[in-house]
Amino acid sequence: MSVPISYYLVLSGILFGLGVVAFVFKRNVITVFMSIELMLNAVNLAFVAFARAHQQLDGLVFVFFVIVVAAAEAAVGLAIVMMMAQNGQSLNVERAHSLGEGGPTYLPGGSAAESREALKS
Amino acid sequence: MIPLIVFFACALLAVASAVTLILAREPIHSALSLINVMVALAILYLLLGAEFISAVQIIVYAGAIMVLFVFVIMLLNAGVEERTDYSKLAKYAGLPLGFFLLIEIARWMYGSSAGSTIANGAGAITGAVSTRDLSSELFRQYLFNFEATSLLILIAILGALVLARKNQ
Amino acid sequence: MFMLNYMWIILALPILGAAVNGLFGKRLPKAAVNSVAIGSVALTFAAVCELVREFWYLPASQIPWVKSYYTWMVAGDYTAQAFHINFALQVDQLTVIMLLTVSFVGLLIHIYSIGYMEHEGGYYRYFSYLNLFMFFMLTLVMGANLAVMFVGWEGVGLCSYLLIGFWFHKKSATDAGKKAFITTRIGDLAFMVGILLAFWTFGSLTYSAMFQQAAKMTPDTMAHAGTLTAIAVLLFVGAIGKSAQLPLYVWLPDAMEGPTPVSALIHAATMVTAGVYMVARMNPVYSRAPIAMMLVAVVGGITAFYAATIALVQTDIKKVLAYSTISQLGYMFLGCGVGAYAAGIFHLMTHAFFKGLLFLTAGSVIHAMGGEQDMTKMGGLRKKIPITYWTMLIATLAIAGIPGFAGFFSKDEILEAAKSGPHASQWLWALGVAAAGLTSFYMFRLIFLTFFGKPRFDEHKVHVHESPWKMTIPLMILAFLSTFGGWVAAPRLAGGIDYFSRFLDPVFSSYAPSPVVSEAAATPGLSPVAQVLLALVGIPVILAVIGLLVAWWFYIKNPNAPKQLAQKLHGLYILLLNKYYVDELYLGAIVRPLLWLSTKVLWQFVDATVIDGAVNGTATVARETGGEVRELQSGNTRSYASWVAIGAVGFTMLLLAFIGWAVR
Amino acid sequence: MGFISEHSVLVASLIKVAVLLFIVMTALAYLTWFERKVVAHIQSRWGPYYVGAHGLLQPLADGLKFLFKEDLTPPASDKLVYVLAPFLALSLSLTAIALIPFGPPNLRLFGQPLFVVSNIDIGLLFLFAITSMGVYGVALAGWSSNSKYPLLGGLRSSAQMISYEVSLTISVVGVLLLAGSLNFNSIIEGPQGQGGYWLHFVPKWNVFPQIIGFLCYLTAAVAETNRIPFDLPEAETELVAGFHTEYSSFKFAMFFMAEYANMITVSCLATILFFGGWLSPFPETWRWQLYLPGAGLIALGIYCAYDAATRMRGLARLQLSVVTVLALGIGAVCLLPMVAPYVQGPFWFTAKILVFLFFYVWVRGTLPRFRYDQLMSFGWKLLLPVSLANLVVTAAVIVFVTRHA
């Protein structure tokens, strides 16, 4: 009784989609990073499945590279997060928008309402 | 029979964990659920006969990268995530489209590969990709890429150091 | 056979020296720079000698000896018409002559330069340029096809530019450099077109192939001028530029701004004669283009006379020599033009000797006078700098064509050809002879003004001293050569063989439409002695002597006669003094309009309004759109993420649609 | 029945796991006893003495105590994670042991390898995978109990483990290069398996060519198990008890057991990689080694008998005599010719492991604790470069030899 490859692919597709949703949905920088990792994992699954299906090693080799890149990304990204925190900035991506149109407006950490006020100004 | 059971168990675990990743407000919980996903995927890799990959998946991803995440979360004591909602775009366009993408990709991948089957778990383990072949592939055909990635990660390390250094 | 197989060594040595001096010269001590520069050139000369020795034993069947080293340019398919150029070098009699002349004179002048440039800044720079020049000149001479030759052609131009403007802090020097470069460039344009036309006509740029093609073609006649004539004329225009003939001679006098050894090497001995070499080299083409031949001859003759007239009244010692160079070059072209290529080359060689010597002695004089170049402020130097004086006197006798000296033989040969050669014409002969008279006049004027009479300078300020041996040794050697360098052609006078022409004969007769009589047909029915006597008391010689006497009368007998004459013929004097106002003419006719066009039209209209307008317009548009679009940049990462998601969806949709279509 | 025959591998594995679990649990319990005894003697004390003869029942007592203590959870803690952490720690450390081969794989019972639970090609990698997950137990425990000291302990442990895992792995790679495999059995049977002996009696253990790698491994392993001198996560004097400050009763016991299980795992790994695992150090030709296990046990029994007869009184004497009987009995069985070969593997393996465990306890009894920055700089600036250098040199030598052989 064998598992059709399509199952794996569908699973990876679902995971990837969930990763995208998480990427859009999450507010915390770290979790946003995590959602990226989730997407990468989904892609890896697809790679391995294809490699298995075609009996070729290239897919597996590529997984390595994906993992390495993910590691690098995590290292740098988390360092950035650390700096954000050290500068007393909130980890909420919606509050970190110094590059936004309208210049660096610091959103007070209070209620959403006054934050919106700050955004408008 | 067993492979199917294993597969569905892992798939279920993975998807559920991914959903909890999204829903959890506590970053640690998200991290844990992501680890779950990774472990589940590692098992699936075993099922697919990619032993080495699954080991690497656990060692590097779950054992190193995610530890880093947990470490940072603990260090910053990142509290409960506040569900601010400044981005109308994300609310009304991003999320729906994300879900749409999810369904679309899944559907397409199914359609593109429906019916093609591969060897089951037990067979896969016996017919597993030997680490030797994998490494020879990696160090012969993909040597340059390998070196390039090593350089990349070195640069990443340096970048992380520079960023995290106390700025004086 | 070693050197014949490794001819590139001859080119490699000087460029090596140039590279070493140019790159590290700044840090090297003077001695090292010297040894590098001199050593490289000396080795080059040795290599050339070895080459000549091997060439001597080469069977005639293997001449010209061509060796191709690597494929340089390829374009088009490998058909007959494909543009395929090798970096190939060639040796034949003509090359041998040129090689010997260039490398030997170059060597001497290098040695001379050590003494002359001793106290100058940028010492290493000077020598690296000089070596570079040697490299390019040798390339020009040895190239086996027009392309390689063109490389040398342009390279020597570059070096002359660099060396004329060597004292770049002097504006006049830099201007002179630019003038030389641009003026020659005008000629080079035509030259290039000529090359391309030649390729288009012959399907190759390699000499032998071209000449074979040319030999197949029907020669143009006086009545009907065809492609051959066009090629010949175009190439000759290039030669006009390079060899400072009418009307493009204007750069050469200014080129005297450069160091004197440079003037000697580049602007007297070697580079300026490149044009003559080219015409001689392309003789199969020229011989089939009578109109071009006539053009060459006429331009040469007129230049010879014209420049001589200007030289009459110049007071700057180097300027005089410059104009005399122009006129001598005119002689060479005259020789080539009337079909006596051998005579032209012969004169080229002898001229290299005595004109190089003249410049060097002039440099020695200037050196002795502490930088003074105006002859009217000299005089009476005879006793003070004897070596310079004697060598310069020898050179003068040579250039004036006094029998027994080198110049006599070559010039006589040219005039003979002009009188009785294949393309002879009385007028050209007359021009040549007149120029000969004038030459001897202004040269002796120079001598008398400089060395005789009482000093016209403050002896307390300027203490005149003989130059160091580094400078005098080359002078003596050149003096020796300009005395006996011409004797190879001596037997001709007695109706015998001209060994020089005999030696060069294969080059000029192998592709000639009708066998060229390079030895002037001796007057028949006379005993050799009579012939010799006839030659010795020939009209040129007489005129030369007259010129000598006139100069003596003017500048020794009664020194204020010149002024009176100047008063009498004031207009002519002024005209000559201002070199026929040619520079001013060019300035008014060409330079000013160009300037106006470029400032008023091109700059202030085209650039300012059209181009800038376009650029600024784009910028404005970009800014406006950016101002609109930047509203998107909310700074909210989630919005960005949403944009990414939207993009992804769109792309995926596209992809799926495409795949669906592809599958279907 | 059909199911069993169909999935004999599965069933056999389950049985083996159960047995192994039992053995390991006991071993853990008595490892604590062992440690306390040794440390006590190092500090010239008697150690546990009253509960049973030589305190042999002490572990039992401890276990009961843990069970009956009140299990309290801090109210501010994150319940789920708080409960999850100890389970994670223990289960992972136990799982690791399942990969260890305790004897030659070709010894079979009912067609199933007797001493090998799982003999997979990349056993070593899996071991590392599992141990690398072990960090979470500590880290999460530290975080979830939501109080200062545990948090600090958790942070320290995660940083420390990550740091030392790197050098641990790299120091092992040298051996892998020599063995050319990731499978434990092929590593064990590598050079010595082909009957390799120097001077006919010195076994070709990897430790000899890889001495530097071995030292690195040993150091990193101590740090990996959070033991003195690297026990900063649970430094009593600095952080009360580090990550398990808030834990009590059985959850605490789990952490406790996990630590000892890790010790065992690491020792097993050292044995396998560097000291030829379950292979006997003596050449095959020395037949008498077959009877060494039995002889040893009988000797132990005799000692116990003597001890019981001379020193013990009452209950203790009874216990000791039980031990005596057991020892003598098992020893006798081991002496039987058809049994003896089966015992060889486990015997030697256990013996070697015991040496390592003793070493651990010894270190604990001897060395003081590092300061945290010292720890980090030592790990990154000394250990890692040395192990890397070892790896490079090994690789170079191997390449050279294979080229010229």
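As written, the chain order gives the labels A, B, C and D, with residue 1 at the start of each chain.
What we mean here is this: a residue touches a chain if its C-beta (ideal position, glycine included) is under 8 Å from a C-beta of that chain, and two chains touch if they have at least 3 such contacts.
Nothing here was measured: the structure is a model prediction, and the numbers come from that model.
Between B-D and A-B, which chain pair is linked by the larger number of C-beta contacts?
Output for the comparison: A-B.
Report the inter-chain centroid distance for chain B and chain D in whole angstrom, where each centroid is the mean of the CA atoms.
Spacing between the chain centres: roughly 31 Å.
Between chain A and chain B, what distance separates the C-alpha centroids? Give it in angstrom.
10
CA centre of chain B versus CA centre of chain C: separation in Å?
That gives a centre separation of 76 Å.
Using Cα averages as centroids, what's the distance between chain A and chain D in whole Å?
Those two chain centres are 39 Å apart.
Which chain C residues touch at least two other chains?
Residue numbers touching two or more other chains: 634, 636, 638, 641-642, 645, 648.
Which parts of chain A, given as residue numbers and ranges, touch two or more other chains?
Residues 20, 23-24, 27, 94 of chain A touch two or more partner chains.
Give every touching pair of chains, nothing left out.
A-B, A-C, B-C, B-D
Could you please specify the touching residues of chain A with respect to chain C in the complex?
These residues of chain A touch chain C: 20, 23-24, 27, 32, 93-94, 96-102.
Which chain B residues qualify as touching chain C in the complex?
By the definition above, chain B touches chain C via 86-87, 89-90, 93-95, 97-98, 100-101, 104-105, 108.
In their shared complex, at which residues does chain C touch chain B?
Those residues of chain C that touch chain B are 634, 636, 638-639, 641-643, 645-646, 648-649, 652-653, 656.
Which chain B residues qualify as touching chain D in the complex?
Residues 2, 26, 28-29, 32, 35, 42, 51-52, 55-56, 58-59, 62-64, 67-68, 70-71, 73-75, 77, 128, 130-131 of chain B touch chain D in their complex.
Report the residues of chain C in contact with chain A in the complex, numbered from low to high.
It comes out as residues 630-638, 641-642, 644-645, 648.
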